[in-house]
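Consider the two complexes below, in which chain A is the common component and chain B and chain C are the respective partners.
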Partner chain A sequence: MTKNETTKNDTVRNGAVRNGTSKKVMNKRMGIILKSLLTRWDGLIASIFCMLWIAVSIISLVWTPYALTFTDGYNVWSAPSSSHILGTDGAGADVFSWLMAGSATELLIVCAVAVITAVCGVSGVAVSVSRNSGVRGISVVTFDALISIPIIVIALLCAAPWGASIVGVIIACSFAYSLNLMRVVRPSAITAVRSPYVTFARYKGISEFKIFWTHILPQIIPSVIINVSFASATAILAESGLTYLGVGVPSHIASWGRSLSTAANFVTIHPSVALWPGVIITVAVIMINLLGDALRESIDPLTNAELRRS
Partner chain B sequence: MALIELRNVRKVFPTTQTPALDNVSVTVHEGERVAVVGQSGSGKTTLLNIALGFTSATSGAVQTADPHTTGLVFQNPITSLDPRWKVCDIVREGKSGSSYEEVREALENVSLDPDVVMDRYISDISGGQAQRVAIARALISEPKLLVADEPVSAVDVLGKQYIIDTFQHAHEERGLAMLIVLHDLGVAQKLSDTIVVMHEGKIVEHGDTQQVLTHPEHSYTKKLIEAARW
Partner chain C sequence: MMQTAGVKQTMQAKQTVQAKQTVQMNQRNIIKTILSRIALFVVMLWIVSLVIFFALRILPGDVAAIIAGTNSSVERYRSIRTQLGLDRPLIEQYGSWLWDIVRGNLGTSVITGQAMGERLTVRAAVTFPLIIMSMIITLAMGIPTAVWSVTSQHAWVRTSLRVMSQILGAIPALWAGLLLVMIFGKGSGFIGILPTQGFPAQPLSSVSTFLTACASLILPAVSVGIITAAQVMRYTRSALLDGENANHIAWSMTAGMTYAQAVRTTGLRLALPQIISVAGVTFASMITGVLTVETLFNIPGIATILLSDMSERDLPAVQTELLLLAAFFLLVGLVIDMLQRLIDPRLRAQQAHTNQ
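Up next is the complex of A and B:
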């Protein structure tokens, strides 16, 4: 048996294979997706940024240049120097250490919002294109009604019993962005549901779950990736806003939003202190969006020729 | 034994006053090949949708095709196949648990080289090849009945010939019954024993294909034959 035949047998072997994706083929595809991602300029830059972000977050859990509780009363609002590379804030705390520690909080919020938004959003899409017209109708009306609730209201509802918390930020952002994902992705899902290949699958008696998983989900994945990356990036901005309003990250936990909101009170006197959290938030938002765009192009066989040939 | 039976079927869509089908009766028996011809809007596709159970009839008796013994081929090969699936997976969907050899054989039966097309996506093959993939998917389960909506309208002359050969071979070898909507009377002559001529939702002529095409009785059938000659 030739190598070529072996690969094809792997693709269509009874039982062990589902839709041409044996473990071996899956690994090969993952390799192609990763290679494609890293050969694009946007994917490469965004990936490097994200790796750095993860590394800094991990390091910050065990080490920061200065402890977060450290304050130097004789050295407030100081400019960047060799001892404080991004300067100090009004309490004399090291801005770099707080931003470093804040990166871990931000990473947690971004990852949690991305996962919850993707899972809840896609599940909502599945319900809203259900074959049962009653379920479909009720879900669409419910989602349309819920989408009108602003993030701040949900954050306030979460803050009422528990006070300002990271969980509240994650719930508020995930809730709002899941609904937004449903609204944006649903038309693509409806197009797939009405396609002849879904009609064929339904006629052949294939289960609705399998049809959604194998036919509809692959069609909506590109839109889902873009929406999830947008949601993750926007979650950073939302965290900043909610923290500024006092219903976001609590004051004893470092976050980029916390650093920005602290500096914002003195922005007219010492604008340079607001600059660093502002810059890091802006760069992170851009990089997450670039990563989402590059990932969408890399993961889709319709746009990735190498993946099509694999 | 009838695989599909429609008796005095009438279909009126809520948005229109005129019936899409009016007192239509069509039966497809085992091993029988029935072609439905007529111009666009004559109700051919509505008839197929009712025969398959996709749409309900407003009145009349309907015995729909059994999904387990029926193969389906849609009109547009590009939209009828999942663009994010490989050809091997698409064909395999026609028969749950089909083996690599069965998929190869199904592709060979529609004159496609499995080594060339198996691992390709639909966007990487021609419309004619895509339609043959759709036919391979429909025939891999060796159905008793094939229901096809204008299967040759979107393919070139050579592709058309491949498809006609495939259908004829399946009929001769396994007694495949067919209900096919067609525009091309030449193809209808080759692929059917019985022809149903439809006009404005009604059957205007129904009978042996050779008889109807050589000695048409209704003026509309004569007009269709005349247009086909031109």
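Up next is the complex of A and C:
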């Protein structure tokens, strides 16, 4: 009783005090999450891979072993050698340079899809568990109906007026994966809404937005993370498919999907050129999934004992 | 004695009446849900048609310019536009397009002059068997391996199945197709037994052409199916484990089942609604892969006409094709939703409860 009163008084007297402590607690928690992420084997490997990926992307913006426009006409389809680490393709362009430049494009797509999916998906969840039953009902059936529209239709729709573009890939992927996220995360959000502290907060007249932000969001964060990582990983796969069909990344911009597509038609003659883009895509997808798993485990107090104690 | 028997009888009669009433009410509820779901389907389709029509007209440049060619005069271009009705106001064009579709008239491709309906059915007759084959491979591989990865008594089997699903689910469909060509492709692979290019001309008259057609669909179907199987397996596995957390498995085991039996009967039955909804989403996500492998294996499915119409800016054809694709997938969503209500009594009970 007395304890409650004192904290309340503290808050009333000086909001800054509370803000300061919560910031400190947040920092401490971030430290714990980061530490447990890096002590897990999957988290460590995935983090190292992502760091490397970011580093390579940044380097590729200013330097690649060969310029992308450079073609070595005398060395077409050459095997890996000291001058061309992964060989050259049918035009004599350096495969390694194109893959390096492609990693920047791919990073852009992955990050954009992750951010847009997280924002749109979570707002969709917020709408679909809202207090107003009319809004709730309409949003749920609409999302359920829209989820069956495939990515390729959206991509074609974007490609029709603007031609193949990175933005089209991002829009198509984010659209499909946000709906997917809403559908998967909604049950845990409903569980959170039915909990007594949300009922209590509603009785106190706290705004719906604040309730969602402080009480419901922390509950659904683990499954949101898993879904966002799945979405951004699948975006890489979708990019390669869309680019091959000619509605993804335009052909003059480097991307892993483009490298795979250019090699695809000659695979029976020169299999090695098709090998590397496929390997790098597969590894990247696995790593993003691992990162999502590890992050979920370390951010969830139910699975991370140290976070619970703090 | 007699009195109590009479009371019993009246009570029984009352109960049957009550049961009948609830059944009737349930039926009414079900019909209401089905009707509202179908109404939603129609509204969705209408919105999609609006989006498709106006999205395709954001930029100038149309099929008339392509037909006229680069060296034609402005007058000729104008006359072609009038002929095709492209100079009418957009609303009018939209209205006549929608009215034609509602009456079942899909129009003709303005470039080749073929009837759209005929053109699409010939292509769909290749694409749909491919989709269905991939779906069968997906389910036939995904669900048994999921059960196996939960029930196996060896830790290494469980772990390696999980690792395998992670790796297989991360392969792009295009690359899977390329790898399969390198392994099984006729003429180039290590075990060259399956055709990798083309498809016999339609209609498939004899048994041998039918078999050739099936053979040429195997590699494409497998290259899409394996990847989606890995995804279905992952979801099914987690659905089975959820059931285990809810103690259903433990209860079945107290009733005398072994662990594997309990997972196979109770666990799968409980996970079935989730598996169906995942299968529905997979169905939609599979189409990108299907179109990719169609192009890769040079199969004359809908991918080819869709992409060529797109690059020729044959907008009337593209908008009809996109609308039909969207309609098909919205329909799949509708069916999945209905199926889920049909097999999951919990959903129906919930609905009856909320309606009362």
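Here is the rule we go by: the second predicted complex is superposed on the first by the 290 of 310 C-alpha atoms of A that agree within 3 Å, B and C clash if a C-alpha of one lies under 4 Å from a C-alpha of the other, contacts with A are read in each partner's own complex, and residues count from 1 in each chain.
Note that in this section a residue touches a chain if its C-beta (ideal position, glycine included) is under 8 Å from a C-beta of that chain, and two chains touch if they have at least 3 such contacts.
These numbers come from a predicted model, not from an experiment.
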Inset, instruction - Could you look at A:246 and tell me whether it touches chain B, chain C, both or neither (first, second, both, neither)? - result: second
Legend entry - Touching partner for A:237 - first (chain B), second (chain C), both, neither: second
Inset, instruction - Pick one for A:289: touches chain B only (first), chain C only (second), both, or neither. - result: second
Inset, instruction - State whether A:204 touches chain B only (first), chain C only (second), both chains, or neither. - result: first
Inset, instruction - Go through the superposed model and pick first if A:160 touches only chain B, second if only chain C, both, or neither. - result: second
Inset, instruction - Report for A:151: first if it touches chain B alone, second if chain C alone, otherwise both or neither. - result: second
Legend entry - If touched residues of chain A are counted for chain B and for chain C, the larger one: C
Legend entry - Partner chain B, residues of chain A touching it in the complex: 4, 8-9, 11-15, 19-20, 195-197, 199-201, 203-206, 215, 218-219, 300-302, 308-309
Inset, instruction - Would you mind writing out the residues of chain C in touch with chain A in their complex? - result: 37, 40-41, 44, 48, 51-52, 55-59, 166-167, 169-175, 178-179, 181-182, 185, 187-188, 196, 277, 280-281, 283-285, 287-289, 291-292, 295-296, 303, 306-307, 310-311, 315, 318, 322, 325-326, 329-330, 332-334, 336-337
Inset, instruction - Show which residues of chain B lie in contact with chain A when the two form their complex. - result: 52, 54, 67-68, 70, 72, 74, 76, 79-86, 88-90, 92-94, 96-100, 103, 115, 118-121, 123-124, 137
Inset, instruction - Going by the contact rule at the top, pick out the chain A residues touching chain C in the complex. - result: 141-142, 144-153, 156-162, 176, 180, 183, 233-234, 236-238, 240-242, 244-247, 257, 260-261, 263-264, 267-268, 271, 274, 277-278, 281-283, 285-286, 289
